[in-house]
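Heads up, the next two complexes both have chain A, just with different partners, chain B and then chain C.
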Partner chain A sequence: MPETLVNVGTHLQAIFTILLITVIFKDNPAYRFAEHTFVGLFAGYTVALSYFQYVRPNVKDQLIGKGELHWIVPIIVGLLMYTRYIKPIAWLSRYSLCFTLGIGTGYVLSKDMKPFFVDQVRATFLPLWGTGDWWTTTSNWIYVVGTVTALVYFLFTLQKKGVQGGISKIGRITMMVAFGAAFGNTVMARVSLFLGRMQFLLGNWLKLISIRV
Partner chain B sequence: MKKEVPLAICFIVALIYIVSNYFTGVEFLATMKDLLDKWYLSVDAIVVAIGMVNLAQIHGRRVANKREGWLFSLWLMLCMFGMFFVSIFWFKGTTHVGWNFMYKMIISPMNATVYSTLVFYIGSAAYRSFRIRSMEAGILLVVAFIMMLGRVPLGAMLLGGNQAFATAADWLLRVPNSAGMRGIQIGAALGGIATALRIMLGIERGYLGGTGE
Partner chain C sequence: MKIAAGYVFSFWFEAVFLATVIVMITRARKGMKIPEIYKVAGLDAMDEAIGRCTEMGRPVHFAPGIGDVQNAQTLAAMSILSYVAKQCAKYDTDLIDTNRNVIVYNMSEAIVKQAYIEAGKPDAFKPENVRWISNDQFAYATGVTGIMYREKPAANLLLGAFWAESLIFAEVGAAAGAIQIAGTANTAQIPFFVAACDYCLIGEELYAASAYLSREPVLLGSLVAQDWGKMGGVVLIVLGTLLVSVGSPFLKDLLAK
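After this line comes the complex of A and B, so read on.
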């Protein structure tokens, strides 16, 4: 990228970063301007990217270039989705929806089964005795009990009373620990992004601090 | 024609996909699966522009009725269509310097800034929602606190160089967090499988609504 363009980009980036950060204090027109710019640009970018990566190669190279006529099918199916906007023929969009849902359900019933169900159950079968290390044994017990009780919590066909209630309470506590960990990690990820933006503003843009990589 | 055929398409496509994933080694099935995968990506790419149409509809209405903030809506549409048409007719691909400029210097940093500002909202929302009113909320907060301190040098600094927070954070992430998440994951997988079966067999038809009889 030419240096002039990089300089222009750095200034633009800094201006938009400041405009977006102003929302911390209060919602304001400057923030709304930057927000609308971002949403507009990102929407246009995403659609253009889809066009470059899939639509153009399939239509131009495969269908027209190589004469592979089967590419007409996904083009028609895809375009049928837009009939939603024409009321008398809106039902035609169901063809497109059902095609994608068909593949989606097929995927869930064949490929998702192993990683998200079978492998997860298999990985929960941990040694609960004789590991040679009391800490590993304790951790394994917590792991197995936590997983099973969290699952029991989702058994809505049974009343949560007595033993069942006690088990699902343990499950709820396990899930709270998981949510706490997820929350802490999310906050730290966002803080790290914020620090990155501050480093850009104070280092790359204003040159007030030096950034060691 | 309006309901039965789309449902039949959903069933047949799902069946072909499932059979081709379980019976590997059959050339015809492998070709069909490969074709369905490619078609799915193409349909998906064509359908992505629905988002752009929806945005144009919502913001177009706001501009037409001159509702509050209509100038921002107009700007959003200018950015969206501008980015799209400039990409298609000028950049003509993802290797153009303008395309890289727009992504690396404008869109990507704005994306990071938007996400980074969320940290303040997460913080204030967490304060309001998770104020220690119950034992579960307390557990969540304590775990989140340990996770945060374990990820930054401040945690070790507070304990005079001791890495207890980092060790605790690692253990929390590895054992109780994984257990809770695994319980949720197995439950979600079972729910996903049941829903996929219902859709495939035409029992679940709610998604067909909104397009007339």
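After this line comes the complex of A and C, so read on.
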């Protein structure tokens, strides 16, 4: 790519970064300009992406090019979605939605049970004594008790009173501790994102600092 | 036909679970007795938030997350959206629904429209208030930020599958002075909602809320079956842990089959 174009790109990136950051002073024309440009650009990009990722390979290459007629079915289902703009037959668009929903539900049911339930239950089978290491034993107790009490917290057919209320409370406290750790971890990641942007503005754009890779 | 190695236990557990779901849904549909679902904390706040918008003459903002229709959280969000739209129609309060996914946008529009019809106010439905912003996560977040600042909703309902945009939405909602109710099952995002929102539905409470609010037999029945599935999980964990502690890998091996 010619250097001039790279420079123009860098200037645009920097200017739009600053325009978007101005939202800290509430809504203003600069932010509005950046917002609408961003959203508009992606709307156009999505149209182009849809054509190159779905329409061209499926309609032009598979259906017309190779004559694979079974592609007509998903194309018709997709086109039905647009009937919502024609009032007398708008109800037909619901068939596309039902089709997508049915496929989605079936897909989730078939793939989620093992990794998200059975494997996780199995991973909780930890020895509560006899590990030979007090730290491992303590960690195992926290792991097992935390998992069981958090599960009890999410039982909606049992009233949270008495013993069950107490167990739920322990589960809630366990989750809050975990959320606190996750919060701190993500805040650190966000700070590094911010630093990355500052490095770009002060280094790549203004050349005020040198960036060592 | 043979079940693939490593999936035998999962297959039979899921088969029993699905049978329980079907039994519970059938019982709920026939009006037969099923265990009661207890109210999730934060649901009363939903009506309170809509009431606040009505009093202030400001709209309600609803975001169903950025998941697609294959995401159970999005489906739960749709049930809650239906309830919220009905309440908004009842009290003549504007509802702004912003979407990232095109299919979810179509579903949202159909659900909100249906809710207005069911509330007996089809003419009050404003199609321009159900909006598709952008397919890109951060372009969507930027658009929602602008809407929050310009249209100043008095309630910000963030219910569904959220990722890195969660804190942006919650922050901007707080800056706009909205009462905020959020809920997601994406564990990495729950801390942000807990910290920045007035009420937070944690994980599965989102699904329970959708069943509780809609009173839909399918949702109620499946929630009861899910509860029993979780109880099964608790029993397995306790038994498995005790067996492993006394040196028996029986249950661990059984689950790996």
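Assume the second predicted complex is superposed on the first by the 212 of 213 C-alpha atoms of A that agree within 3 Å, B and C clash if a C-alpha of one lies under 4 Å from a C-alpha of the other, contacts with A are read in each partner's own complex, and residues count from 1 in each chain.
In this text, contacts are C-beta pairs under 8 Å (C-beta built on N, C-alpha and C of every residue); 3 or more make two chains touch, one makes a residue touch a chain.
Worth saying up front: this structure is predicted, and the values here are computed from it rather than measured.
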Contacts of A:129 with chain B and chain C, given as first, second, both or neither: second
Which of chain B and chain C A:46 touches, first, second, both or neither: both
Chain B versus chain C as contact partner of A:94, first or second or both or neither: both
Which of chain B and chain C A:157 touches, first, second, both or neither: second
Residue contacts with chain A in the superposition, chain B compared against chain C: B
First (chain B), second (chain C), both or neither touched by A:16: first
First (chain B), second (chain C), both or neither touched by A:54: first
Which of chain B and chain C A:107 touches, first, second, both or neither: both
Partner chain in contact with A:183 - chain B first, chain C second, else both or neither: both
Which of chain B and chain C A:7 touches, first, second, both or neither: neither
Set intersection of chain A contacts, chain C complex versus chain B complex: 20, 23, 32, 34-35, 38-39, 41-43, 45-46, 81, 84, 93-94, 97, 100-101, 103-105, 107-109, 113, 117, 121, 124, 144, 147-148, 151, 154, 175-176, 178-180, 182-183, 186, 190
List of chain A residues in touch with chain C within their complex: 20, 23, 26-27, 31-32, 34-35, 38-39, 41-43, 45-46, 81, 84, 93-94, 97, 100-101, 103-105, 107-109, 113-114, 117-118, 121-122, 124-130, 144, 147-148, 151-152, 154-160, 175-176, 178-180, 182-183, 186, 190
Residue numbers on chain B that touch chain A, as the complex places them: 2-3, 5-7, 9-18, 21-22, 35-53, 55, 69, 72-73, 75-84, 87-88, 91, 93-94, 97, 100-107, 109-120, 122-123, 126, 135-137, 139-148, 151-152, 169, 171-190, 192-193, 196-197, 199-200, 207-208, 211-213
Complex contact set, residues of chain A against chain B: 1-2, 5-6, 9-10, 12-13, 16-17, 20-21, 23-24, 32-55, 58, 70-71, 73-75, 77-79, 81-82, 84-85, 87, 90-91, 93-113, 116-117, 120-121, 123-124, 139, 142-151, 153-154, 171-188, 190-191, 193-194, 196-197, 200
Interfacial residue positions of chain C with respect to chain A in the complex: 6-7, 9-10, 13-14, 17-18, 35-38, 40, 68-72, 75, 103, 106-107, 109-110, 133-136, 138-139, 142-143, 145-146, 149-150, 167, 175, 187-188, 190-192, 194-195, 202-205, 208, 223-224, 227, 229-231, 233-234, 236-238, 240-245, 247, 251-252, 255-256
